[in-house]
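The chains carry the letters A, B, C and D, assigned in the order they are written, with residues numbered from 1 in each.
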């Protein structure tokens, strides 16, 4: 069967490069178009991009000519790694012209008719799509994935919410520098240091978590009614957001039941077979000093959340540590998995 | 006036070296004795010590001959930077023989008749000393200072406890590698990484905080009755423990009142004039992305707690970030300040 | 065909762990025995080892019982990751009892009858083996691989020596912390720092290079007659030794000829097909700011030397940068490749 | 005596901030003017600057209003921390209008009538100033200080050149991230990494060294006739450029003679008493593993070069390691010391 052609918006940036790596050998998708800012358009990709990945640039894209981000690309699916300063308008234009846009940008995440999709947790949020298209007169659609910290949190607390209902969630993040894109965090700011503030991040973690685990209502989403409080911090780590979570449940559960819940969690049937879906969305690690970002972030293809140190808490029901790959599960990989689900549901024709 | 001779136990170790730096120009104290393990005894200090400080080794100690840790040192005050594997017994022997031992080790911190002293917060805990001497038949005494994470936390929450009474305290730490001594954390474990576990640390933070802010009772201490929950983590930072704190108070206070409480806090009169006492024990920093360990840890001679990002919390009353110098305020500097107070009170004769 | 059983000496250490990872799916070899110090012996491997690798511990070794390093292991090949403090004697005992010992330790590297083997460069050094066995009355043998800095240097300069003859070689190293084993370099010594001294390293780089590229003489090796001068430095990098090399050749060559020499270099025929042999022992990278350790060290399975920035030098003929994987090509991987060659030559029977 | 008013061009940048710190308590100079780009002009300094220093912003500049870089500042001395993209023209305009410009930018360093001044080494290069003023019709002048790597090298090799004459110099640098200004090196490029290339740096090191140690000729400078070859590298270090140097001398000298030369070197009389002049321009450190950037860079107020590991070299006469503070001795401190000398000589009237 022929592969589905896809395009990447913001293809030269940090997220764009991750899209290229994740899509290079994808069984369903084939990179047909690379688009970026005017400055890059017209150049061959290997000249336009400052390639900052460890894995080498795939042969297949080296000589592709970068185009501008205009809705005349030869594909139906557009993965967007655009910066939020430009993503809003460009993504809307693409959706209007019939593209299915899978976006990493924050611009539309909290829109009442845009899904903030984590395939394993809220695939039913796609039901809002017809409403989105009707509201906006679009032939295509925009589907977003959460902020990189929010998705790691949601993956770990989502299964518990489904089983025991969340009441209160407290999270302190240790976020990798790659989460800030490129050039991102100046080295002089973070070498041997911790920066206890990331603009806008805490609000995203708190509101996005509630939307992700909320329900589709008539015309919008009804946020889940647990409370989230967060402290977001940057640490000198290359990849992997680590989070210290404390939480209380409405239906009490022991540490063993919670661990069991995670280990058995697989997400909905239709998601389990998708090419980018992890075999086990949440993996509980047994070592007392794990997960650790540098040592564990690449495991399970970067698509699972790794949970460790699950224990009782004197202020909440329990506390634990969770690690997720912020530029794979928290960005490019999440978008691609979302697109796979949309293809699987038949919304996009193969 | 002649200076008071003092000795340093564990003088070649990381804490011992900090003691030397902090005491080199002390107005009251003069280093008379350096003691360490048998391996070092008999050597000149500059040969015995693997000096790992940025500041140079003071001239005055270079040629001093290191002795063994036996209670025949020519001094009445002994600062102990001994490792907990040997501190217990040695410190007891010294106290028995009439030394005033100011200890950084964990061994005696939670003993019911040993003060866990922070001069600005609980100087009245010294009232237990006669009981300690009576219980144990000692001519001297042991006075401990808290774990390096506990002291940073206590300095920030102590003034609030005095003004508004604490109810619940949640803390997540970002601890510097220097907190583990030398050789301490292997570089391969922490470079570009976070280790979400420090053996024994969370228990110390929780129990020590309650003791520090508790009351002296008849024969022991009555712990303060707030609840503490902690996650302790190691980060690749040289000096300075950063902590994300969320807390609730029994008597409600606004963010402004809390900030005012910190800014006005000075500790008891008798402490304010001590040579090592910071002018302001808690300093509130205004920048939204501070305090930061590498940039702020050396400020105020490393003796104040720096608080930032004070804001309301949806789960607790408020949340903030606090930074303290773990090897000065969290170790050597704290012990010295404790000794100054004991001298000031007349318990030790000048 | 049945796999050849092998044992690992020092199996719990840093190099031992790399051996396990490199051998886990080896087409010819099968880990049959794990041996370590008395402290570990009798325990299951997963309890004995403090596993510090990013890749997970292979299932196959988890429950293997660790033995002591005595020559009663059920295998003919022993890979040694022993520390030099114990390697000398243990390796000799094994060789005497008929084991083929492939050693990473420095103890026997410069012995006149022990090969310091880099398969692509000096496979003929194996001719000394009968002499070694005769000299020492051994049924087995010891074959060493070079120091991790020396092998990276030798891989890059070896092909040039074969084509143009080296005259003078100047090298300044930037060595990763993993090169010091575990626990190795204390983090407080290297975080945000450079340590411009590694005990014994410069001598190893200089003398080993000459032995590697020397000739087998009657009863020993005749060192190559070029001169090497080195500065060895430790930098806060996890894996990968980077080296700035300047050199002069006896037969002059242009930069293009030198690059051509590297790109065409394949090593001897019999080595090319070995399972661990890199397709291209020296890879020249075109980017002006590469190779870089964090980004490039894992390429080519860590078995090639990556050369970059080849240019003329005003003091020597040319200068360049070379990067090699110090714990794969510089340790475990090199030993395994050496063993493969010995099997291929028929010295060890399959 | 009244202080001399000075201005800072590029006052909000990384070098500008260092100028402010170095000038805050200067005995001769007083900051009268702060100038920066249009974006900052009109704002109070504390609002215009993103203060990235560990030491706090001096009170005296907080409320100063930042001006544009136009030659109507109320001062005669202008310290320039401007980026080279704009420094060329602005500095010329200032010099034309009568300002004495002390510049850190590369633009005019190699001009034949502009001194590249290191006070201890080539104060006589100021003799070119009348020629510069005549050539260009300027009332003021431009005096530059060398590239931050070149100055560290020159300080160490300059005394040897004066005593023994240099023949060949080989240098490999380990350069701190602060050398690239702010935001400078992206953290994702350098964390746990080495970047073996810094654009333009090697050429600066090589040509500037020769100019610095050259002679004033009729209308220009005659470069010293030794040969320099360099490899420039970036390492994850905050402050302090470390350099591995090998060199040969025309008049042979033993290691002891070379060490003696450094220890006795004081620079010319007229320089020794200047406020920013280090007591000893080159300090030889005895420890075998020092100097180290993180531990030693702040010593001697960051104004001396620290030399260590002096030893014989098999390819050159000797080799050693040198460390200098790249943003103090390599930038702001060097400029200020240059200005002090010019004031001392009477070229600028007090």
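Quick note on the criterion: contacts are C-beta pairs under 8 Å (C-beta built on N, C-alpha and C of every residue); 3 or more make two chains touch, one makes a residue touch a chain.
All figures in this text were calculated on a predicted structure; none of them were measured in a lab.
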item: Chains contacting each of chain C and chain D, listed by label; value: A, B
item: Between A-B and A-C, the pair with more C-beta contacts; value: A-B
item: Centre distance in Å when chain A and chain D are each reduced to the mean of their C-alpha atoms; value: 47
item: Rounded Å distance, chain A centre to chain C centre (Cα mean); value: 41
item: Rounded Å distance between chain A and chain B, as computed from the means of their C-alpha atoms; value: 43
item: Of all residues in chain B, the ones touching two or more other chains; value: 52, 191-192, 236-238, 294-295
item: Chain C residues within the chain D interface of the complex; value: 168, 170, 172, 174, 191-197, 206, 227-229, 231, 233, 235-238, 242, 244, 246, 288-295, 308-309, 313-316, 319, 321
item: Residues on chain B engaged by chain D in the complex (per definition of touch); value: 52-54, 56, 191-192, 238, 294-296, 298-299
item: Chain C partner contacts - residues on chain B that touch it in the complex; value: 14, 52, 177-178, 182-192, 236-238
